[in-house]
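I am attaching a structure below and will ask some questions about it afterwards.
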Amino acid sequence: MNNLDKWDWDTGIKQVADLSAWQEQFSYIEEFRASPDGESVAAIVKNEEMEFTVCRQDFGNDEPETWENGYDKVWNLRFGPDGRLSALVSDVGEWTVCTDDEAWENGYDFVWNMTIAPQDGTVAVSTQKELAYCAVNNDVPWQNSFSRLTDMVISPDAKNTAAVVETIPVLEGEIFKFRKGCYSVAVNGTPWKENFMNAWDPVFSANSSSVAATVRTSYKDYYIAVDGKTWNTSFDSAWAPLFSPAGNSVTAPVKKDGKWYLAKDGDLIWNTPYAQLWHHIYSADGKRIAAIVAPEFGKWTISVDNAPWQVTFSEYVSDPVFSPDGTSVACVFKEKGKWGIAVDGKVWKDRFDMAYPPVFSNDGMSVAAKVEMGGFYHYVLNGEILDSRYKSVEPPLFSHDSSKIMIRGLQLNDWKRDVVAINRRRI
Amino acid sequence: MYSHYEFVTGPFAWMAFLIFIFGSIYRFYSLYKLARKKDGAVFEYMDLKFALRSIGHWLTPFGSRSMKLNPSMTVVTFLFHISLFLVPIFVFGHVVLWKENFDISWFTLPNIVADIMTLIVICSCAFFLWRRIKLPEVRYLTTVGDYVILLIVAAPFITGFWAYHQFPGFAAITIIHIISGEIMLIAIPFTKLFHMFTFPFTRGYIGSEFGGIRMAKDW
Amino acid sequence: MTESNTVTPVKEIDDKGILKGVEQLTPEKIESTILQVLKDETGAKLKVYVDTCVHCAMCSEGCHFFLSMDRDPKYSPAAKVKQTLWEIIKKKGKVSPEFIKNAAVVAFTQCNLCKRCAMYCPFGIDIAYVISVMRRICHKLGVVPLYIQDTAHSHSVSMNQMWVKDDEWIDTLMWQEEEAQEDIENLRIPLDKEGADIFYSVIGPEPKFRAQLIYQAAVIMNAAGENWTMPSMPGWDNSDMCMYIGDYEMMERLKKEHFECAANLRAKRIVMGECGHAFRSVYDMGNRALGWRMPPVEVVHAIEYYNELFENKKIKIKHKFDRPVTLHDPCNIVRGRGLHEMSRNVVRATCETFIEMTPNREHNYCCSAGGGVINCGPPFKNARVASGKEKAQQLLAAKAKGAEVVIAPCHNCHGGLEDIIHSFGVDMELKFLGDIIYEILDLPEKEE
């Protein structure tokens, strides 16, 4: 968890960095990233030796600080929840992870899919060395490696990693061997005993002890497998499974006779046939489930506990999110080429060139989202567009007591952090 | 003979018309229901403007490249379908029957026109038969059913022509003419002749797809 | 005689995917699979199409197979339906493994699903759809040509067509970025850039065999000053052989991955490279299968994008391409999206002399490689190239008028035309529109 409480929540603006100074200093700057607390900004730059490195400026420091080490290439720069800054770096063909200018000891022929645990900022990556693939968690590689690895995920407690792996190497053209099943899910390097034709979307349980994934055993038989054991019923297709935050039951959208349903541990729990159903989410207590659904072809909305909203959207619905107390759901939608936000089936009046995932305040009374209009970014709070516009902005953050909102963004050449008190009402 | 005539113009005629009407309605309804159930997306893409645009092009002689490449087929097909449609409805002998039985009447074709159109249908059928036998790509596709349909279509016109011109045996031929006409009516909902009703939909659908989504011509 | 009166035995084929697949069939499995597909997955559309066809053979003129094979009636579009779905429907699924073998060869290798015949059928019957149903049945029976089946397997594992591993993809992008910096200093292929105007997507063979196309695209994007990005994660590949083999569940998974990759990066629109079948997958079949009436993120084909560049004067050229060119109209973006006038705009904006092939635009002949046919690989190559005879004559006619270069804005067309050009001694050079634009692009002088 990040330390939301410990941050400075006094209202007012903090100028974090004057980026014109950066532009003078560096011939090459990539996209800026802001730390969760908004007090730091960083970017990949080229140093005087024309090597790639990372530059960071913290509030209160007049000068940006550049990492001492330069590299042949740096990419995927990101702040962790703890404010540490990580990136993937390569030197003389060897790749590794570098956090706050400190590289891991182990190097690889390639590293990617940098995953930062939201709990404590632990970094995990997928790696390849001499064509052997494995996941590496906090500089500790798996004991086993594989000929192929995809879909790596890290557990909620940040102690485990899982990924889809090729357990029996398949050469191009070996279609009959492929059909017998050459893929499985490996957890911390140990594959499940069962092999499948395919496996996708592994996910950990809330207590990090179990892993579920979508698998198919033949072209026609899709299952959800939990710790290697498939559900008793097969379906025509299935999307990503999810563990309940309470207990170890697993739900997944499944397809049967051309229609989609939500199934739990193999049984349909949403019996309404949908033209589409995916990206279901649980409320924090695990008691409610919401999902993106298409009740009919070409009509999209959110269904909460199998009750779809009245309103439907013709183009796209994404990013559903429950309020912390589980009573409300917000999402992004697209209609007639424009984007918007809807909360509990009510549509905010404005349309945008782009809308980002909505965020609830802790008390569930407020919803905010980053949006783009006419080439600038704004926040929309409870349906009202806030005045200030930004060239670039991070997602909104509410204070713990839900009374304030923090904006982290770039205006003119100033990277700033603005804490604003808000009216606590929902529109 | 008289009772045969009574029967074929009475109960059998009623039956033929009822089967034709209700059979067609049933066919339509069941296809519509099936489409709603299984091809819901089709309705999403149907677009009246583009459907009519496509139908318009294909109901215009030489309105498509396909027709231009097959001029004889185009000419024959158009004349055939026009005659096939107009003659039974507007020939004097048929209108008289409507007048006698239901006291309704409408425009009639001059006899000589109807006569020529009848010959057109008969010759067209001969042309289609020739195509089916002679052109390898048509022959390959042809089934017994296709010949039977050709016969079902040609028969009322051949017998009608015969009866009208009072060639030998025309009394019996008249009965056969009536029966063959009724067979054709009955056949419409249950055979490939139903294409007369599905044409606007298949054409309209591909027209909608090409016009509305693919932004291309379909002719 | 059972169904054999309609089965014209195909010449012995050498494809393990089909032969071994057929060995594993039983009459029961065939029947139950067919009935399942017909009952659960098809409806009024198929029924109306099959019932409405009056066997007039007008579709024949629409098919380049029929024309190239000296009007052999077996290759007429309706004849291919006769050899597949008619018989299956008539027999209610009670057909032999031998029948399925022939049907698979017909459906997978003798139809490019180019939809040209739909423009020659008076009823507008979409025969490509009917053939796709046959492919779907073959997929469910496990009787699919080996090469394309393998490609579909690659899709399922790696989410791309060419078994490209996640790291190889990123590595290729970085390599091309470095190469392109030779042209433009500090040029970037921005990975995973959130909120870009353009999400650029390509097909699997680009990183595998034609990486210079990514390089060229990067140079063009940079020269045009675009705010663009490419994803580092799966979803970058817009291609889709699962669509062509009838593995619609996988097609859905691929398209979901692709669209969500762009949507999650909050890209305004997807610009895709010069590929035809991928366009069909994102604009027609894949999006619909998932319930999207139209693509959820606007999809812009390279032709449309280049046209925009010239219309808005976003790039400058040094001079026009000076060799006479002709232009091939790929089915999936012409009959599939009406881009033929735009492609001509781009050709006129970039080339001095443009010579039309005839027939053209919606009526252009397919390259014979589309619809997954080229992806069925070497066992069917000779037959495929032979069915390009009509295309070869078209090319030769354009050549006789002076054309030296064929522009084909589609990968599959490139593959197909390349073979045709070699086999029929056409001797013309083949280019993408992007090749031409890159060649004549006026780049700012690079500081040394």
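In this document, chain identifiers A, B and C correspond to the written order of the chains, with residue numbering beginning at 1 in each.
Here is the rule we use: contacts are C-beta pairs under 8 Å (C-beta built on N, C-alpha and C of every residue); 3 or more make two chains touch, one makes a residue touch a chain.
Just so we're on the same page, UniProt names per chain: A = WD40 repeat domain-containing protein; B = Putative respiratory nitrate reductase gamma subunit (NarV); C = Putative 4Fe-4S ferredoxin, iron-sulphur binding domain.
Being a predicted model, the structure only gives us computed values, none of them experimental.
**Student:** Determine the chain that sits nearest the middle of the structure, using the mean of its CA atoms as its centre.
**Tutor:** That would be C.
**Student:** If you tally contacting C-beta pairs, which comes out ahead, A-B or B-C? Let me know.
**Tutor:** Comparing B-C with A-B, the pair joined by more C-beta contacts is B-C.
**Student:** Measure off the straight-line distance from the CA centroid of chain A to the CA centroid of chain C, and report it in whole Å.
**Tutor:** Here the centre of chain C sits 33 Å away from the centre of chain A.
**Student:** Nearest whole angstrom, what separates the Cα centre of chain B from the Cα centre of chain C?
**Tutor:** It comes to 39 Å between the two C-alpha centres.
**Student:** At what distance in angstrom does the C-alpha mean of chain B lie from that of chain A?
**Tutor:** 62
**Student:** What positions in chain A touch 2 or more of the other chains?
**Tutor:** Chain A, residues with two or more chain partners: 275, 297-298.
**Student:** Multi-chain contacts only, two chains or more: what residues does chain B have there?
**Tutor:** In chain B, residues 41, 44 touch at least two other chains, as defined above.
**Student:** So which stretches of chain C touch two or more other chains?
**Tutor:** 41, 288, 293-294
**Student:** Over in the complex, which chain B residues touch chain C? Could you list them?
**Tutor:** By the definition above, chain B touches chain C via 31-32, 34-35, 37-39, 41-42, 44-45, 54, 58, 64-66, 69-70, 73, 77, 131, 135-143, 146, 192, 194-195, 198-199, 201-203, 205-207, 209-210, 213-219.
**Student:** For the complex, give me every residue of chain A touching chain B.
**Tutor:** Spelled out, the residues of chain A in touch with chain B are 275, 296-298.
**Student:** Name, in rising order, each residue of chain A that touches chain C in their complex.
**Tutor:** Listed in rising order, the residues of chain A that touch chain C are 27-28, 30-31, 46, 73, 75-76, 109-113, 126, 128, 133, 148-150, 166, 170, 172-176, 178-179, 183, 197-198, 200, 216, 219-220, 222, 236-237, 239, 255, 257-258, 275-276, 278, 294, 297-298, 300, 314-316, 318, 334, 337, 353-354, 356, 372.
**Student:** Over in the complex, which chain C residues touch chain A? Could you list them?
**Tutor:** Residues 16-17, 20, 40-41, 139-140, 142, 146-147, 149-150, 153-154, 156-159, 163, 165-167, 170-171, 174, 186, 188, 190-195, 232-234, 247, 249, 252-253, 256, 260, 263-264, 266, 268, 288, 290-294, 296-298 of chain C touch chain A in their complex.
**Student:** Once bound in the complex, which stretches of chain C touch chain B?
**Tutor:** Touch residues, chain C against chain B: 41-45, 47-49, 51-58, 60-62, 66, 71, 73-74, 76, 78-79, 82, 118-126, 283-284, 288, 293-294, 334-338, 340, 359, 362-363.
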